[in-house]
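Pasting the structures here.
Two complexes, one shared chain (chain A), two partners (chain B, chain C).
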Partner chain A sequence: MSFQSVHDLLTPPGVVRKQKFWDWFSGDSLKSYWTFANESGSGGSGAMQDAVNGGYQITTDTSSNDYSGISFSNIANHYSATASSFIAVANRDSTLSRYWAGLMETKNGVGDYYICDNVSANTFYILKTSDGGTNTDTNTSVAVDTTVRKSQGISNNSSIALWLDDVLEAINTANLPTTALQPNYVVMTNTTAAKTGSIRYFEAYNT
Partner chain B sequence: MRAYKKINITFGGFVSRELIANEFTKATRTQIGPRLTPEVDTNITFQRHPVYSNMFMAQLNFRSSYESKVMRMIHKWGGKIAPLREDLHQRGHEETDNTTTGKEHNYECVDELISHRSF
Partner chain C sequence: MVQALIDYLNPPGVVPLQRVVDNFDGDSLNERWLVVSSIGASESMDDAVNAGWSASTGTTTSSASVRITFNSLKQYAFDGSVSIWVTKTDNTANVNTFFYGFSSGINEFTDHLLGILKTSETNYVISSRDTASNIVSSSVARDTAYHKHQLETRPSSAVYFIDDVLEAISTTQLPNTAQQPIWRIRNSDTTDIKGNVLYMEAYNT
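What follows is the complex of A and B.
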């Protein structure tokens, strides 16, 4: 049996591999390609959890709407707005909080993006897309909760879809991003107390 | 000024969510910047049918100028207009109540609701 290269194992013959990224959030520290940052409030933190399926946990500062997250620090926007996909397996750990997972132009959520938004102030998970800061929300039919869920966003040249736990839930054709994007996971508190959220898998690729 | 309409449609049988999504949002040949305009300018939420597991509902918030296309699509795929879920927003945006509570609310941009009639 001949030895297959990793490229050939993961890519159909005759296809040149496009940019791809994945992380299992395993090990004793966050991988160097991620950068943790407090975007609002200075007392937030992030750490690997010492627990089964714990992944990486982010804790926010303690003022309402403080948020912290991990991204490529606006340095490496590798992913196309019109032909890409992300998969995130994440949750937030309690009520009165929020997480965003997806692809963004800037790490603080300004500019273009398409993300899965789980905010306790809303009744349902949301597909949120933005073009230059003007955003549109489309509800899914899945009620917000603290369960770990797999969210997948798929962008093509005319629409963006959000799949939750492998079921197509929402489609946007309005306010779609147009510039290159980077992976992002953000946790926010919606009350005057620190809140936490955890992520255990993230994948992004150009299609 | 753009106007938006909202409708909830039941599909069933051999029709899948992916097929309906593709029918409504597939790209046309008109290019604006890096994107192609969709067949119908619409945001869609898919829901499970409350009774039948082989059926589903697609709630659309679409630009009013596409109404004839939407109606044609309903006819083509055997859709039936269903009661609206007004709590499900397809073209929502957040606003913060800065006057009193600071609480965020999600509002939907919609001008006309198209609903079923029970006979």
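What follows is the complex of A and C.
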């Protein structure tokens, strides 16, 4: 079966398409709908990478727990807390660091969200959900690492699921977000040195 | 129904590799491209049906050119990648070189895999380059029509499809460094020649 429109490829007949976007992070510069920000520390930076499969790389400042990220700058919370999905293909590049990817109410991690959390201080990747800042963390079976992985979060009215590399790994039913969300990818250092993380793909859509 | 675009493009359990897609639509060229133009040359989105983005050499100088690249950010493998271009030129007589594909640099003199139209060749050709260029002709005569040009770097060959038909294979002088997408039009005299791009996609395999 062939499709002549991307709309019809991704949307069933008779269904009006909802909000959706994707980004491949390839080219000379980050697309302008993203905003890079240093959320803690002032010396972080981001740049497209001159490397095969390199995507976009974020480098943090050098104080412990400094973090920097990209988001829609709190002005485009297009994604439903209870009927949406995100897909991120990302990693962090070394130990003593952290990245999270997913959908958040605010770009600095305050408020509602559901994300994939890869922090070197924990044993496993985590599904982290938050309702107004009160969060629930659920371990997956995948040990934290620096490998590029595909994470997908899917929300509905009663639960949020996290898939890693297309395997269902965790489900949260408590402290689920309730407010509209925006895409977010953040890298944090957990030591007194700059750390990096890279993202190769991000997709989000309402269901 | 699969709702995620990525799941149409990637088998389950396989982490997606680098990819880019550009439809060359809208008010201005996407910020992913770096444009370099000669004096008198120009580029803009084209206000016509199925015109995409276009570049013109102008009449100021001969060997005037317009090229677009990723500013030497080389995210595509020399031995496992694909680039697809839907593009054309409006003049096959006064064109020095009109090419599209991958290069490690900003012209045809660095490692590359390019599809090329030039007046010295009767047909579209594939050019792969390591220390020198290896040119292999296709069976498609150079013309002013849109074609889908697909160029593939493979571990031991470089392959050129035109309109989904395998047209040429190069097995020598294959590129051996990372690649970026590149498109360029250049005139051979002071004739204003124009090129259009409707679509471009690249991905690692």
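The criterion applied here is as follows: the second predicted complex is superposed on the first by the 201 of 207 C-alpha atoms of A that agree within 3 Å, B and C clash if a C-alpha of one lies under 4 Å from a C-alpha of the other, contacts with A are read in each partner's own complex, and residues count from 1 in each chain.
Basically, contacts are C-beta pairs under 8 Å (C-beta built on N, C-alpha and C of every residue); 3 or more make two chains touch, one makes a residue touch a chain.
Keep in mind that what you see is a predicted model, and the values were worked out from it rather than measured.
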Open item on the list: Following the superposition defined at the top, how do chain B and chain C come out on chain A, clash or fit?
Closed with: fit
Task: Inter-chain angle, chain B to chain C through the CA centre of chain A, in degrees rounded to a multiple of 10 - done: 140
- [ ] Tell me which partner A:Y201 touches in the superposition: chain B (first), chain C (second), both or neither.
- [x] second
Open item on the list: On the A-aligned overlay, A:T138 touches which partner chain: chain B = first, chain C = second, or both, or neither?
Closed with: first
Open item on the list: One more residue to check, A:E169. First (chain B), second (chain C), both or neither?
Closed with: first
- [ ] Report for A:N157: first if it touches chain B alone, second if chain C alone, otherwise both or neither.
- [x] first
Task: Touched partner set for A:N53, first chain B, second chain C, both or neither - done: second
Task: Partner chain in contact with A:T178 - chain B first, chain C second, else both or neither - done: first
Open item on the list: For the superposed arrangement, tell me the lowest C-alpha distance between chain B and chain C in Å.
Closed with: 16
TODO: Would you please give the residues of chain A that touch chain B in one complex and also touch chain C in the other complex?
DONE: 167
Task: Residues on chain A engaged by chain C in the complex (per definition of touch) - done: 6, 9-12, 22, 24-29, 31-32, 48-55, 85, 87, 89, 148-150, 152, 165-167, 200-201, 203, 205, 207
Open item on the list: Using the touch definition from the top, list the residues of chain C that touch chain A in their complex.
Closed with: 1-6, 8, 12-13, 15-21, 30-34, 69-77, 178, 202, 204
Task: chain A to chain B touching residues, read off their complex - done: 64, 81-82, 119, 121-124, 126, 135-141, 156-159, 161, 167-174, 176, 178, 190
Task: In the complex with chain A, residue positions of chain B that touch it - done: 17-18, 21, 24-28, 33-48, 61, 87-94, 102-106
